[in-house]
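Report on one structure; see the data block that follows.
For reference, chains read A, B, C, D and E in written order, and residue numbers begin at 1 within each chain.
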Amino acid sequence: MSLLELQRVHVHYGLIQALKGISLTVERGEIVTLLGANGAGKTSTLRAISGLVRPSAGRILLEGTDLTHRKPHEIVELGVGHVPEGRRIFPRLSVEDNLRLGAFTVHDRTEIARRQEYVFTLFPRLAERRKQPGGTLSGGEQQMLAIGRALMMQPRILLLDEPSMGLAPVLVESIFEVIQRLNRDGTTILLVEQNARMALEIAHRGYVLETGEIVLAGSAAELARDPRVQAAYLGAA
Amino acid sequence: MRRPIRSFTVLLLLLAFVLAACQRAQPTPTPAPAAQPSPTPAAAASPTPAAQPTPQAQVTKPTDPIGVLEIKPGEPIVLAWMLTVSGGTAQLGEDSKRGIEIAIEDLGGELLGHKIELVGEDSGCNPEGGQAAATRLAANPRIVAIVGSSCSSEARVGAPIIDQAGLVMVSPSNTAPDLTDPAKHVDAYLRVAHNDKVQGRVAAEFVVNKLGLKRVATIHDGSLYAEQLANVFAENVQKLGGTVVAQEAVSPEDTDMRPVLTRIATQQPELIYYPIFNPAGSYITLQAKEISGLENVKLMSADGLLEPQTVQNAGQAAVGLYLSGPDLTVLGPKYQEFVQKYQQKYGTKPVAGFHAHAYDATMMIVEAIKKVAVQAPDGTLYIPRKALREALYQTKNFSGLTGNLTCDQYGDCADPKIAVYEVFSTDTAGWPDSAIRKIYP
Amino acid sequence: MALLETFHLTKRFGGLVALRDVDLVVQERAIHSVIGPNGAGKTTLFNCITGFLVPDAGDIRFSGTSITGLRPDLVARLGIARTYQNIRLFRHLSVLDNVLIGLHPHINYSLLDAILRTSRYRRAERTAEREARELLAFVGLTGKEFFTAVNLPYGDQRRLEIARALALRPKLLLLDEPTAGMNPHETEEMIRLIRRLRDERGITILLIEHDMKVVMNISDVVTVLDFGEKIAEGTPEEVRRNPRVIEAYLGRGAASGLGPSTLPLPGEA
Amino acid sequence: MIVHAARRAIFIGLVAGIAGWHLSLVGLIPAFAQRRLVGDALTFSYALLVALLALAAYATGRRYPGAVQRIPWGILSALLSSLMLFLLALLVTHLNLRQILLNATPELARVLTFGGGASGAGLVRLLLIGLLAGLFAGGLSALPRPWGRVIVSAALMTLLLGLLRDVLGPLLPQVVTSFLYGTAGLSLAGALVTFLLAAVLFTLRWSLRAKAVTARATAAVPATLRQPVTQALLLLILASVPLWAGLFLSNVADFVGFYILMGLGLNLVLGFAGLLDLGYVAFFAVGAYTMAVLTSPEVGQRFTLDFWIALPIAIVTTVLAGLLVGLPVLRMRGDYLAIATLGFGEIVRLLVLSDWLKPYLGGAQGVTRIGRPSIASWRIDSPQEFYLLVLLSCLFAWFLSVRLRDSRLGRSWFAIREDEHVAQAMGINRVTAKLSAFAIGASFGGLSGALFASLVGSVVPASFSLLVSINVVAVLVLGGMGSLPGVVVGALALVGLPELLREFQEYRLLVYGIVLIAMMLFRPAGLLPERIHRRELEEAVEEAREIAPAEIATGRG
Amino acid sequence: MTIAAPHRFTGGRRIDISQLIVWTIGGILLAIVLLGSILTLRAGHYTAAQWRDFVVFGIAQGAIYALIALGYTMVYGVLRMINFAHGEVFMSGAMTTFFLADYLNRSGFLKAHPWISLVAMLLFSGLVSMTVAVLVERIAYRPLRGAPRLVPLITAVGASFFLQYTFRGLFGSGVRAYPAIPVLQGKLWVFQKTQIAVFVGVLITLALLVLFLQRTRAGLAIRAVAEDREAAALMGVDVDRAIVTTFAVGGFMAGIAGVLYALVFVQVQFFMGFLPGIKAFTAAVLGGIGNLPGAAVGGLVLGVIESIGPSLFFDGYGIRAAHQLKDVIAFTILVLILIFRPTGLLGERLGGEERV
């Protein structure tokens, strides 16, 4: 059984259809990336998985458990972590509070403290600023916080939406390193990324979306070589 | 283009119709203009039979400049009340309403072979309520006469509307001098309550002569009653040699009177006179003594607060409060009898000061109806409206519960007897005797 | 001749510098693209040009006249129209009304004319409606005049947004990611439409676009923004080969593994 | 499945029971126990209780496809509600709650049990009626498409006619009245005839509408109403109101007219331009007070101008007031705009109330002896005569609304309502568009106020409370925002009906609250929605129900 | 070629005529107030003690505004909606608790154990108000979450009417007077004991509120939902529950405010929630809506201005019955704040104009 499976998922916003029957799987331990232009439906796919939008048709299964009609917080409790686009940290809450929210579903205080320590060792910068409101951090630190927060969840699968957005190249690289390290430590990752090249570099497999449909699927290496991908994301007629 | 032409046609059509309708509408009974408050009983020569109705002789419907009310056999004579029966002033109106009900009961619920039906509108003790209630009553063509209103503010706005509609009203508890001021009096308006020119004077005499206090402050709440009474009181105090150190105003919805009271305290008055209503009145009672500089000030109010709620709401703070109002202790045995009926019917002693006045107002109207009504052989009753008004104005030496009533040309009919009471206890179970006692005159 | 110029344009939001000293020259009848990673300041640039944001420093000139700090509606009346990245139509009005609102500055009659429906009102409304229908025909929406905008399919909404912008009779049209969310076929059509705008109507186009295919395909000039700064400008060809662009825009990953050498050139694929 | 269905039935039964408790304890049920609607038996209170039980049964059964399931589950709910009512009757009889709850009287127990009292007999009666109500509701909903609706509508019509006896009785020809009505409500025969007639009418209407659906489903006004002949006929009927309606009804019609005027005015601001003004009463007050100050001999300079001179001045003053309110709130939107305008409304009221301005505006006592209009020798005095003036004003406002709506200005308002930002990018001057909406909208309110002052003859500050503003908003909401016919319907329902049913006054605002909430929950676009707005609101509310709550929070899509 | 209309470039800010007019009006108002204050102070009718008393009264009244304002501000912070019915939530607690107080008084318990009684009354009132607030949320607001803003605002108005007239129907329209609590009668230095009680009550409630929000899981959830509902949901926060909790806490505080109000003003009635409701809203706006300390500060400031303002601003001009104008002052402040500083006294600027 796949860890995550989408079966012909459709999503509508009002009358506009964002997803037109997406089917995909993510296996345990994988990094899978979703590629596509703006508006192709990548973000909608993640939102459907984490329950932020309700699919109009189709099913979403997490190890066989149906997520389709569950509320977002229930889905989180089942082990799906989602780092949304634009980081979405809580700007007026302190770094610690932000992290604590990451482990909101955990009730064991020592466990929370343990995870927090883990995040702080991963991102020492955050430890220095633990009492500071999240909004006062720099862009890169905020991204660290967003990922750190997701780490606090210790999800079975982590959905990452454009982690490199708006970041300086140096930072992008370190973020991607963290993602890889996480994956090595056992977290399954579904990654949405505009920077196709980097995404394909770390991913095992990938899907290419176009206007709400999957038009290509394959291993990362295959996709990187595929002329259509090159044309679409690297600019050729 | 089609559209503009079409709409234009429609407009033209409409205009034509409106004009036609106007012409048709004109003959509908146009009430007599009431702009000039001229008609004195003498001046208004009445074309209607003011004499005793003689059913046999009168077969035809009488004529009347305002209109004639026709009551078919089996239909009731409709009397109306316009009183405040909700909110903080509900006791005042409720008390009067009971007076009317007892009067009707005393009549056996019947008049000239017709049942008496009582309808009414809550007038809320504010001008707006008076306006609304009067508009509604005015629109009911079955009403013969109205007992009301409770508060002077209601009458000031309501009376002209009642007047327009050709009805007549007799108030049991309006006391503001303005209402019967020759320049401002409306023809449809009479009252059996005292004029506050009297109450204000008595209150001032009590304060200056009896208590010997010279420095007074007044507070009104914007109502006609309170404002005028406060003014009359102030004038009289000055006449008697006292000084009015402050004249303030609050609004009926205010709850925190402390700032106003503090302002007053800067002038160091010996007594504060606030002839207003509940709940605002109770707030002043409650909060006055808290103010530094007012610890020893005397408090005095008037008939608007002459009800158990004043004591219930203010509790211990009410003890020592002076209240002016109609003197019910000098009334004769008829009144005592009435109080017993009241107690029997409603399980409590009268809750405010104007039940007897309402009773008298009702009876006065009934007398006038008897005088002017014309009864056809088939039992149809005709009541000429203008004549009814005049009959009311001609009331002389009508022996009522509150004294001998004689109406003057501006509608003042009362036989005013004013007393000052003092609250001596917070026990309202046996209101009024258990909580207040008359101390003046 | 330059239609639009910006000099040292700077805009800050709190501590964040969204635009820093941006100099931009858009030639008349050019198709000029602005590219850059998300958050590079492209949309802020648009908002400054259209008057929704007042720059903290610098100057914007349109046809030689400074329009810095001018109210948005006045900027629009001067002939600068725009579309939005996430389509912003008057969602609940009809397609025709959407375009008619765009014609707003070009309809002339007084309130009294409207109330009395004078001949001037009728004439103006008739001409306006004719023009609106022409515009709708131009973008290919004939027959959908009375649809409610929100009910149009996605591609049609994009086209309607352009028709509405054209109703202003602009000299300069700012397009914010006009092909976002379109499939290749629709993208093709959009590219054609943009070309026609320039060729048939003589409208200068300033374009924000993520789809490199589109950018490389139709641009005369490409400007690259990164962190609010202009880092490169030139023909698509030049920009593509600019190392700074490669590093900033495509990430340093470009250096390893899949190097810039493998970047396909226009016409190569 | 069964467990689920039972849970649902029980839940709805309990909710209906609680609603019954509420209606009883706030006094609605005991107060109208004597108000007979049909014959001697059916009082208003009984009708209300039966309706409640039937509604519970209907709501429960609604979910299920066939009568077989609808009826039994419905009955279960109705019976449960009956039991709840009986429980209340028991409590009221055996516990003395009167000290706290005003209406917890033994009388209430009698009414609740349909005269049986809190005893076995009462219980049997209640359960029986619950059973019947359940059967009835289930049966109705099981009928083929139009019939259930026709029967319910006809029954409601009959009850309404019974309720309006005192109003309608005098208007109808003697013969009809004496046939239809008994001493209190409808006579039994009258009720039967009314019911049948209404049923026929509703059937006709339904079949007509079924035909029309294919033609013009979206039009707010039925197509027939667009014919000039029909329009002229309608106008004739409207203009003839004072000829047959009598003093009371004309008076009510005048007040409805004032609210239609205000509704049309606010419609420009709120319906067209999308600016929520919760202080609209300020304009009504400015119009009324200008008229008062200019024509009354009581205050200020004692101008005592003629009505016809004062009227345009009043309107101009209101326009200025509109600009004055509009200017500072130009940049505000949504809630903030609502609250700021509310503040303005209150400030106006407090100022006219104050002693400070008393010499000029009359203070708490207001101003009386306000001038009446006259045309040549004809003095417009009575509510009947005034009606024509009000009607003309309403028609004028309507006309103006239509013309503005179809103009360039109207379109710029719509644009602002839809998306202020884009509207500006389309060359629309936000300042002029908004200010013109405020100014023109205000002028209607001013006109309404001036007429109001003149008709009533007096103005007092308390007539200009926040309640008026909220009333006008509610008129728009009920009718459908942006919809002109909606304004008329809203005003008739929210101003006209309560005036006619005056006994219910004490409960008017209670019912009002319920109506506002229920409308927003079940029919947010109003009774006669404007095409465009309906889509917007229903869409949004639908989405609110469909999509997970978090989705909406950020409005992301 | 059209030439652009002349304009001034002011670097980051644009000023148009409409704004200029508004600023001028604001300036004139300020001048009137300042001049009036100077005139009053120079006339010197009031002693320092009296000014102090004004402030004390203002604080007592303002503390109650503050408590109600906290409810407004919390709901606004979390839902971005104005809970127009909040004043009625406050009323429902005070009205219902009257009967408990009356019972305690009659049975003599109030005299024997005044403190226990007081705590019982506070808790009872809080619970009643809390229930009402939660019910309102469930019935009138939750089904409409996400609808255009006008919609919940209208249901809120509806709920407000419904509650007012339900209570009128249940308990009658008369005014009820709370029994006096013996230990709270009289003065302590310059303060009434009731005033002290109110102030202490408000402080304790505030402290508890802050502890709740800062230290508990539910508080954390509320804070997270207030900042970003969607992100909070992604952290596993049950958004619905957090919102209900917000209403519950806000309602509870309104209930406590109800009893404190009754301590100071004694009389309660069905309509009592309306004005304090609007005033408290003003206070919330004044302090920056959505900002908790802001609501508290706003309440106190408003109370004090209302108390001191009429005398200070208007006495100098010799305006009659200046205290009638205290609500004019309150509403003018409301409007001015909305115009000139919509984020309130303590609110942060959220970036001037809407970012596109």
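We adopt the following convention: contacts are C-beta pairs under 8 Å (C-beta built on N, C-alpha and C of every residue); 3 or more make two chains touch, one makes a residue touch a chain.
Keep in mind the model is a prediction, meaning the values are calculated, not measured.
The chain with its CA mean position farthest from that of chain C is B. The count of contacting C-beta pairs peaks for the chain pair D-E. Note on chain placement: the centre of chain A and the centre of chain C lie 31 Å apart, centres being C-alpha means.
The centroid of the Cα atoms in chain A and the matching centroid in chain B are 77 Å apart. With each centre defined as the average position of its C-alpha atoms, the distance from chain A to chain D rounds to 51 Å. In this assembly, the C-alpha centroid of chain B lies 39 Å from the C-alpha centroid of chain E. Shown for chain B are the residues that touch two or more other chains, namely 86, 222, 249, 251. The multi-chain contact residues of chain E, meaning those touching 2 or more other chains, are 16, 228, 230, 232-233, 239, 320-322, 324, 356.
Touching of two or more other chains is recorded for residues 52, 71, 77, 117, 150 of chain C.
Across the complex, chain A meets chain E through its residues 50-52, 71-73, 76-77, 81-82, 84, 88-93, 97, 100-102, 104-105, 149, 153.
Looking at the complex, you find that chain D touches chain C at residues 400, 403-404, 406-409, 411-412, 414-415, 418-419, 421-430, 436, 532-533, 535-536, 539. Residue ranges of chain C in contact with chain D, taken from their complex: 50, 52, 71-73, 76-77, 81-82, 84, 88-93, 97, 100-102, 104-105, 107, 109, 111, 114-117, 121, 124, 148, 150, 164, 167-168. Only residues 16, 18, 21-22, 25, 80-82, 99, 139-140, 143-155, 157-166, 168-172, 228-230, 232-233, 239-240, 278, 281-282, 285, 319-322, 324-325, 327-328, 331-332, 334-335, 338-339, 342, 354, 356 of chain E touch chain D when the two sit together in their complex.
Chain B contributes residues 86-88, 90, 222, 247-251, 253-256, 258-260, 262-263, 265-266, 278-279, 282-283, 286, 290-293, 309, 312-316 to its touches with chain E in the complex.
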